[in-house]
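Read the structure below first, then the notes.
Chain IDs A, B, C and D follow the sequence of writing; residue 1 opens each chain.
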């Protein structure tokens, strides 16, 4: 029996912008992206390309850079071969491969502006193409500089969330809780949490949303971990609910974290979600920190998932 | 008969800063710029030039870069020709064109710091000019690096608004509404909307402003589209108004959107406006998203303008 | 007779942080800097040097860059001369000047990484110094790239304030007012103004502060100009004051403006102040904008100072 | 006798996120870092490496750059030696050292893209390796550009706090106070302070927190120094406490400062703390500023620690 709050107990402001008709499955993926496929986005705008180059994986990015370098050199080498290698002062032999490689490496030496000069233009036409290529090279590396800086200076995923959320006794009542740590070495401050419950209303079959009140919704400093706690009191939409009820209602707990990154002076947002399958009932978190021999508080980030059955 | 609210029902805080005497036509253009021509701006300050290079179109920017490259080389080539090509070690012939091209390409090889060396300074005077040119080249490309990064990292127009705003039945009453999508692949959060009505007061002939209360003025997540709704209840300045009334009053709906761009950690503002001509009466929006075969919610950005007559 | 409010009518929160003992003269200069000389600042920290290079005038900055280029080359030239020019392959003559210039230009070609090669290291010692110099060159130009970008992307003074503030009749009562325009072509939004009055209390001889309530303290859009108005009603600390009273009390109106720069997604603050000498009594502002022949609203930035005597 | 407030007088919102079980010693170090050792952080993620390169000391950073330059050249030199120096056109002798140094300096000239050409590839294999090296060189210096910019543009420690906090008579009652100055030449505005007291509760042995109300918690302008004052009235958790009580309770005053840096348009946070050992009883601050001969207010940053015994 699903006893989630009727329409009167939620308000439109609670729907987070996820709408009332999301498909089956979670609305927010574990990594915080939205579980929506958008069609019709412009495919090849400059800023869109930039956005993808900034957010793709590091190895893929380096691979693309290298590929671009090869292709550009191959194109210019074709141009030089078309003009004819007799327009060059060059040390290489007269075989076809030698001519091709000379053209390719002259291109590389021009694009990177190394310009040893042991291969050099003999004719003005080659000089003109080479001038263009060196300009292109400089602009490409100007772009690469911006991309590399953009990749590193943009906000990165900071938090590591516990894999499961818990429902367990807490200070006399029961509470829904999860925790997270900062897995980077920088210092986060003014950390805020918002937790919303999304569920399928049995009567109408539409998705509904309710914001869950938290014991604390903001901390000023974040040196270790933060266990976010929603006390399940009588007013909570979770009051009287069990594991099975959550599954039936396709419940999803949507977590929004906001923080300020002290090192880069930028505001960071991070999202995640817990589905009914990711809620452990009757478990509690084990401590992550202990006082080391030298008296310093020590926290082990890898313990963020450590839980134990209540009563053990 | 224009029944817009009398002076007592608006307050100065509602005027948005647009003043009481804007000219005919819209105050805010579709692309969010202000419909004002400003005279007397300083024409050639460094940051102003930077601002224009950052905001101009991509092809124009590349064209300017290329033009600057050509002109700089032409200028330095003239200098070298003035000094005399006999001050160079060079492979070219003694014809006038050869001398000019050698000067030009030596300049290009210096400016880009390729420096093959097959053309090189024979005299100290040429060396001095070349040293200057290579310094200028490096600084120019330093500047170009900053410009390229500035162009890509600055905020870009994100939202695509429905071409028309609608007035249609909505949950029992009538409502004014429009919708918009994020047409970039990045994720926007904490999206806020403000809608103001600007109209010509019949009695005084001056422009007046009224902020329209919205059903929801903020959403936390923005995975698909957002239909912004102003319910036309008895308190609304639109209560009892028809298409003709809006046109007579030269009504303009001014839309301000604020959002946070998760990828670049920057706050984004976007503006647009709807004139009376851009309001469709008795139309409603058709859904933009559907559940695909694989169960994933799919949204088609191109459907943002899809409306249908109410009752069909 | 000075009738400024007694201690009870101001509160500590009004003092803006300027303290109660500023010296004679204005606290805030016209350009918004504080009229305070700070001793004991660390003279040569990296970020402090960066800060000065970022904020100094453009010509001075370019001059410093050029000077640095000359000095670095002179230093390395001395090194090469000390090693001996016989360690070089070079085209120049054996005169002292030729040797010096060859050393200097080899340095320049190394620092800028042009490297023509017509002067080149013959010995390993010279190669080692040259390797260091080219590394230094690349790092210097990396630094210059950052400096140039930092100079352009940092917030710049935006507003042009009217040279005088006015006290004049305004909608039935008297008001203190000044106005300002955005003298850049970018678009500012969410503009906020705070105006505080600083004055010398006759009884105690100490500086006191009072925040002046404004007719409007925020505008959403800022397409033209904004006239900031403090109505001098009975509750105003200016009630009943005249020109002479303000001068005796060494009154200073401190203006803080906050805005959001749409183009660069950054919050901008600007300050200025008006002393009693800069207040015009019985003047009012003339309009800055008019509707042009083509129906577009036109604003002339240079009219920001245009005032006229009330009654003319 | 420790008379700190019982549990009822503090609330969870006051705990700042430091938790209830920090180890002995201070929670927040003088430089604002947290006194916690975090284990299990990913050691070698790109952004983590970037973060460390951005925040490490300047000399260490330059040393690493130089080391990287040496090692990269040594690696490529080994490659070239492995291929064989007979694949090069080069001026050096045939001794083993000469061959090694020629390989090393050819590498350096390629990595920095100087490319004099007096040593140059004779075979295509060497050309291929050199093309790779010049690409690597350009990317490395693109990275160095971003790192240098990132180092300078990131927020830096701004405030210099008085070494001791004071408890002294203040306007009729007693107050806890400390002061700080901006030790950089930039201008900070909208400065906010939060002070919390952390102490060991005698009955439970757990750490408790209380936010201390301040006479003023925000100043708009920060031209000189700011003395932050917590008046010890009857409601203060410090009421009736003495030096010995604070030491017994292992009291720690945790200070959070937030400000806006006008030059870089970024929000700055800074933290520090005062332990019971760092509180001076019965001392007061001596003035830091005086009016110079030319009438300008002069502040000596080095006087921030100047205190005197009350009554002298």
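By definition in this document, a contact is a pair of C-beta atoms (placed from the backbone, for glycine too) under 8 Å apart; a residue touches a chain by one contact, two chains touch by 3 or more.
These numbers come from a predicted model, not from an experiment.
At the interface between chain A and chain D, under half of the residue numbers involved are used by both copies, so each side presents largely different positions. Of all the chains, the one whose CA centre sits at the greatest distance from that of chain C is A.
For the pair chain B and chain D, the distance between mean C-alpha positions equals 37 Å.
Put simply, the C-alpha centre of chain C and that of chain D have 26 angstrom between them. In chain A, the positions touching at least two other chains are 109, 113-117, 145, 149. Residues of chain C that touch chain A in their complex: 113, 115-117, 145. Across the interface of their complex, chain D is touched by residues 12-13, 15-19, 21-25, 27-28, 33-42, 46-48, 50-52, 54-55, 89, 109-110, 113-117, 120-122, 124, 127-128, 130-131, 134-135, 137-139, 142-143, 145-146, 149-150, 154-155, 194, 196, 254, 256, 266-269, 271 of chain C. Remark: chain A residues 58, 65-66, 69, 73, 91-92, 98, 101-102, 105, 108-109, 112-118, 141, 144-145, 148-149, 151-153, 156, 181, 183-187, 189-191, 215-216, 218-224, 226, 260, 262-265, 287, 289, 291-292, 295-303 touch chain D in the complex.
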